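For reference, the structure is listed below as structure tokens.
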Amino acid sequence: MSTQTLSRKRKLKKPRKASRFKHAKKVGLPPGTLVHVGEVKTEQPLVTVFDYKADAHSEQSLTVEQALTLTPPVHGIRWVNIYGLHDPTLIAKLGTNFGLHPLVLEDILNTSQRPKVDSFEHNLFIVTRCFQYHTTELDVTSDQVSIILGKNFVLTFQERPTGAFDPIRERLRTSGSSLRQSGTDYLVYSLLDMIVDRYFIVLEQLGDDCETLEDAVLHKPTTATLNSIHRLKRESMELRRSVWPLREVVNHLIRNEQGFFEPNTVIYLRDVYDHTLHFIESLEAIRDMLSGMMDIYLSSVSNRVNMELRALTVVAMLFMPATLIAGIFGMNFEIIPWFHHPHGFWFAITIMAVIALIMILIFWRRQWLTRPDA
Amino acid sequence: MSTQTLSRKRKLKKPRKASRFKHAKKVGLPPGTLVHVGEVKTEQPLVTVFDYKADAHSEQSLTVEQALTLTPPVHGIRWVNIYGLHDPTLIAKLGTNFGLHPLVLEDILNTSQRPKVDSFEHNLFIVTRCFQYHTTELDVTSDQVSIILGKNFVLTFQERPTGAFDPIRERLRTSGSSLRQSGTDYLVYSLLDMIVDRYFIVLEQLGDDCETLEDAVLHKPTTATLNSIHRLKRESMELRRSVWPLREVVNHLIRNEQGFFEPNTVIYLRDVYDHTLHFIESLEAIRDMLSGMMDIYLSSVSNRVNMELRALTVVAMLFMPATLIAGIFGMNFEIIPWFHHPHGFWFAITIMAVIALIMILIFWRRQWLTRPDA
Amino acid sequence: MSTQTLSRKRKLKKPRKASRFKHAKKVGLPPGTLVHVGEVKTEQPLVTVFDYKADAHSEQSLTVEQALTLTPPVHGIRWVNIYGLHDPTLIAKLGTNFGLHPLVLEDILNTSQRPKVDSFEHNLFIVTRCFQYHTTELDVTSDQVSIILGKNFVLTFQERPTGAFDPIRERLRTSGSSLRQSGTDYLVYSLLDMIVDRYFIVLEQLGDDCETLEDAVLHKPTTATLNSIHRLKRESMELRRSVWPLREVVNHLIRNEQGFFEPNTVIYLRDVYDHTLHFIESLEAIRDMLSGMMDIYLSSVSNRVNMELRALTVVAMLFMPATLIAGIFGMNFEIIPWFHHPHGFWFAITIMAVIALIMILIFWRRQWLTRPDA
Amino acid sequence: MSTQTLSRKRKLKKPRKASRFKHAKKVGLPPGTLVHVGEVKTEQPLVTVFDYKADAHSEQSLTVEQALTLTPPVHGIRWVNIYGLHDPTLIAKLGTNFGLHPLVLEDILNTSQRPKVDSFEHNLFIVTRCFQYHTTELDVTSDQVSIILGKNFVLTFQERPTGAFDPIRERLRTSGSSLRQSGTDYLVYSLLDMIVDRYFIVLEQLGDDCETLEDAVLHKPTTATLNSIHRLKRESMELRRSVWPLREVVNHLIRNEQGFFEPNTVIYLRDVYDHTLHFIESLEAIRDMLSGMMDIYLSSVSNRVNMELRALTVVAMLFMPATLIAGIFGMNFEIIPWFHHPHGFWFAITIMAVIALIMILIFWRRQWLTRPDA
Amino acid sequence: MSTQTLSRKRKLKKPRKASRFKHAKKVGLPPGTLVHVGEVKTEQPLVTVFDYKADAHSEQSLTVEQALTLTPPVHGIRWVNIYGLHDPTLIAKLGTNFGLHPLVLEDILNTSQRPKVDSFEHNLFIVTRCFQYHTTELDVTSDQVSIILGKNFVLTFQERPTGAFDPIRERLRTSGSSLRQSGTDYLVYSLLDMIVDRYFIVLEQLGDDCETLEDAVLHKPTTATLNSIHRLKRESMELRRSVWPLREVVNHLIRNEQGFFEPNTVIYLRDVYDHTLHFIESLEAIRDMLSGMMDIYLSSVSNRVNMELRALTVVAMLFMPATLIAGIFGMNFEIIPWFHHPHGFWFAITIMAVIALIMILIFWRRQWLTRPDA
């Protein structure tokens, strides 16, 4: 896929990131007021409930109305997943039923949070983000995923169905799996692990486009290449900025000061921490790569200026002497050398040709007729 | 709105920031001397008093004379708000009545403080700043807002009426609101929350102008664009520098070492902290964006140099050969080829045209006649 | 004041900073050897003594000989100030009388110290620096000010009389002032406060010159402007480097681990700390401003190259076609069109004029005849 | 070896680093699933076992089948080394036999780990990397080396046989060596020391190529040089990024919180720590060197533009006046000076020559005919 | 001394720093193997012994053979200084006699160590570096100086005799000196103080060359100037990198956790710490200065391009109109204005001259005939 195509497609798409710096909608409202801030990405909220214990499991899909009566389970573990966050009533009711702090509900609805963890007496509130990379637009978008870890329940809030947690559901359906044997903390770990694993898909796509651009910048740099480099750089920096706090979040979970996690699960969380670090470092490698490409682009522009200038100089040096000689023999004097000679005209032409040949020889030896640095 | 307009308007406005690095007015005076440092932004100081408890509230607007007798309330909570800081007598009297440290009074009057928190035995002194963004001048100005948190009173000092705290007054008037149920600490949290929320309005305006500039730099970059980029960059860096210490201030409040805040309010302060971090990160995103735009601008200048040079080369290559041929046939010899031929003149013209056509063909195939990187 | 004038004046002045990296004078001498390192800035050392208690005060001016017998006071507080540090004998004798460590004496005499604080059993040794900004030379020079805080005495050592401490003497003469009521720690705080306050005078002057330069760089940038920008940048960075450690010094005093300061004075020291931070941040704002100006300068140079190139291209495009036409009608053939026509000459001229007019029209529509980005 | 050769060879080689940002293979699998991630670098896994105590030692080479029954030794120390990690069954069986955590096995198989140390109750898991520098391709590749330190066994996992540990085997065969006298902790130290020592071989090769490039950039800079600089810069930054966490790993081992190391061995680990720091600093020196070379390259391009422009100017100044004179004497008037003079033609030629000579003289005195800065 | 001379001399010198990134010589040897790594800088190792107590002292110069029997003294303090480190036998024997750890001996012999301090039970091992600046080659070389502080002995190892410690010997010979009165810790402090003091000699020389370069870059910048700037920048960065860890070393000594230093000596060590900080800051000032010079150089190149271009434009504008006029009057028509006029030729010349004069007037008013920014 060529960068021109990329860039042309990009121009056609609708204005994006209109809401990049939007946050002002709620100014003036008291804290805890539940207002959805962000784009509505799904038509109808969808609630799925997964009840399980070591020897049994059941799944339900609920409408908003049915979901209003959901409570923590009497026995076993309940995982409630909500797709679509634009219905404050649903969120408020669930908050009351599951004993959540008003600020937690507010944060769930405000979908431009940075990753963070807040611990309360009975539950832990984790905000993370999922990313999608749109290769034709060189654009990274993100959804907020909020996770609440309670004693015997886990709530997850996503902006729209992405299928990200399907492999976990699959493992939950398998009776002997470690997920079924373990508590809610292990489920939360699995969700985090899944989210971070998916980061590497974005990384891979980003890396592929970087390499395409690198080829372009080495062989046929255009302004569109420059713009694409800038775009990718910006996106990778924004990605880094979004993931960076997650490092601290996972680290906080590992310190496990409130004891929400089993010691065994903490070992697994260290693994998530390593992946997060690895991801951040890879992003830095991409950023360095892009910076280098920028330098190569700029130096290639300078080289082109040089080449143009050389072409101009060569032309001037070839034609100016000849033009002067023609002018000399065009002077009006009574006595001009070779005037009467039958081959006088050709003598003059020969002189011009000889000078031009000498010039070309000089240029050739100085390698001025080839590219400056082939 | 075009950037030219922006920039032209900017030139017309009066010299601003005359006092940007002014601080020297007080040099040599003993500490605690009350002198107003800064611009006078309101004609007459205005004092509003809001007394409330869970089941009652009353509001008064006082003149400076009336305000001199204000004291902490006997019961309930008293919130005194002062607009206009250029009357040291008023501030001094209030300081005595409410038991404030002389340095606190000095800091209130010196309106170029950076955000900070100072704790005293009986009260807490918080300095923050409010920002206004003037889009036509690409200029951010700021007011100092000082807050004093006492056991049963809150004092706020602003440089002029901005209406920033009106929504809080509205909530105070509602009898069942959490503000009415809570103590002074929750009122101070609400004030801080309101101030930080308003930062995002500035951020949004700044972001909009950034995007306008980005369009300009991609499609029609001028020196005015460059100057606007520089201006916005400077303002965003100054904004960041002003807000950065607020992070530490809120963090200090969260640590709550003197116990001025209820545990429940601390949870809300964490929310303010998150917002502050979010704001700072968004500012960094804006700064990165502006840096990228600068690079694109500079590379577009280089590209234009290149294009000019190419135009010159093309012209020289088209006309120099033809001029030489004309010169050759203008030489004075007895015997010149085609001299007597009835179409000799046209033969020469034809040779010129053919050479020019070949040149144009070469240029066309090398894509030199189009923009260098369309 | 124009920047050219600035820069011309700068060239005339004598080579400064000859001793910028000089420190080697003392290499090989045992530690504690008292040698004056630095420029001699005053002819004759001058000693002033200020004795005071809450209800009395007396002042004396002593010669070097008289000063040799000075000792800590029997009762009350004694403040000894020495101007001029090139007399090691005086310093050594004072050191013995007041019980100072040999290294302290060495540091007092070596006037290129960075700000620091050293605590000893019976006294505290503080090194700070005073700055002067010379606007005609865009140059910041500095004096070392050493302060020793003892139980009932304060010693200050300055390189020359600057009048910096005169307001403090004035306040000491006022019987009811807080300085008279307090101990030596409050006097030391007042001295530090005075020193830091005076930094803002330098800052203001620096800021003024920055704004002059900004005007110059936007309207008429020259190489002299560039050099001035560089100079100011260097000076502001050096200033920052000199003041930066003062932050840590004041912070150390605030921690007050040896209890040299009363709790009440510590509150005042926090104020000095805030001022120091404010100063450092303002310097960073100046540095950012200067960096931005540098970028604008460089881009204005590129723009000028572009304008020159355009002028050349326009000239070439106007004259080359006309010259070719003249050449064509100058060819020697028997049959040349319009040769016999009475207005043939004017026909040719007309063709040239028309082509030139078309060219001008094209240039005008492309806005090539105006400045590239007016 | 010239840089052109380097660069040409580089173009021929197959696309490398295809898997640089690949990590996505495992997304969706439960943690602890053993899948080999990375390139298969050896055909058949190879297992070597080294049993030793102070007075005896024995070596064996096992096939995969034989290795499946390996267990910790009954007495003495057992060092098991595995080359080739693409057989999950073998790793899983060894994991069970030696009591390793599932995550450890997963990390061993995923060969793009960053250096880290994980401590478990009975063993310590260390991940490091070995580097190879391919000078013709200016490319650094790396293998993962995993080390497990148990009470009486050490396991090492490498991606392919490199002979890196041969000197350690040799020392183990020597009966009096300190390795034979010490425990498993000293063996692990020796392995780490060997790995870090080999880093300096890579550093030396990298440094050599840097110096070759520096010569090239000073004497004959081409675009290929620029690309090589960029490549080396990128590789050195990536190398630094890979080694940087090792610092923290070794530091963690030195803190020795679980007591896996004897106090005496910790002293040796400090030595490894010093080497790691030294390596990182040398890499930074190389990066600084490469940045400097980049600047010199860019400035040499600018200088070349300048030289071309000068050549053009010289040519124009030499020929334009002469051409004008020829044109003047070519004008058609009845009365032209020197028209009838027998040497008129030569007079005109002489004027041209004199003007050209004067020009050359001027150029020569301004040193325009030599290189701009020879 | 001109920079050209500097640069020419530099080209002549032999390839230096061949061993800059060499460290690989020892790879594969067991730890503690004594191999000398580095350049041999002295022919024959030389050992000097200095025994002293408060009331007596004696000096000896020993050959290698005699030195093999050296042991810690029975009473008093013994300072053994070794010049030349290429005899592992000597170092090994001394190590045994004075009870040094094998790793210490290894580090002494490996002369590319970074500054560090290692503490053992009975002694302290300090590695520092001495620097020499070679002004003709703009090159900083360094020697390693290792110091071992024992209870009653001090060992110092230098690569060659430099006379650096002569002033200390002189003071040791003086019976009443503080060195003679104090223990080994004070001697070690004196050695460190001497080493750091000598850094300022290098700093001064470096600063002098910087100022020479600054003059050159402001008045006559050449490529050689650029290369010198780069060279100095690199050397100052390498110097900084070598001295930076010394800061931490001295800080470690000040913390004095093992009690090797008397409280009184610690006060003196703080002085060394201050000097180290001062040195590092001065180096940063030099680096900033060099960066600024680089920017000025690059902008001067741009200015020169501009000047060339202006020269070309001026020439083109002067000659093109005149050439066109000559061409016009050279056209072949029957009727040409002024053809028969006796002064027709001179009329044409006059028109050319008038146009040229008008052009010159325009250039002069636009200040194009002077330097662009004089």
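For clarity, chains are labelled A, B, C, D and E in written order, and residue numbers in each chain start from 1.
By our rule, a residue touches a chain if its C-beta (ideal position, glycine included) is under 8 Å from a C-beta of that chain, and two chains touch if they have at least 3 such contacts.
Note that this is a predicted model, so its numbers are computed, not measured.
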Given subunit A and subunit D, the chains that contact each of them: none
Equivalent interface positions on subunit B and subunit C, same or different at half: different
Chain centre separation (subunit A, subunit E; CA means) in Å: 43
Subunit B-subunit C separation of Cα centroids, rounded to whole Å: 27
Sites on subunit B at which at least two other chains make contact: 302, 305, 309, 312, 316, 320, 323, 327, 330-332, 336
Order around the closed ring of chains, commencing at subunit D, then subunit E: D, E, C, B, A
Of all residues in subunit D, those that touch subunit E in their complex: 166-167, 171, 177-179, 190, 193-194, 197-198, 200-201, 203-204, 206-208, 218, 267-268, 270-271, 274, 277-278, 281-282, 284-286, 288-289, 292, 295-296, 299-300, 302-303, 305-306, 309-310, 312-313, 316-317, 320-321, 323-324, 327-328, 330-337, 372-373
Interfacial residue positions of subunit E with respect to subunit D in the complex: 20-24, 26-32, 101, 103, 106-107, 112-114, 116, 118, 120, 221-224, 226-227, 230, 233-234, 237-238, 241, 245, 294, 297-298, 301-302, 304-305, 308-309, 311-312, 315-316, 319-320, 322-323, 326-327, 329-332, 336, 338-345, 348-349, 352
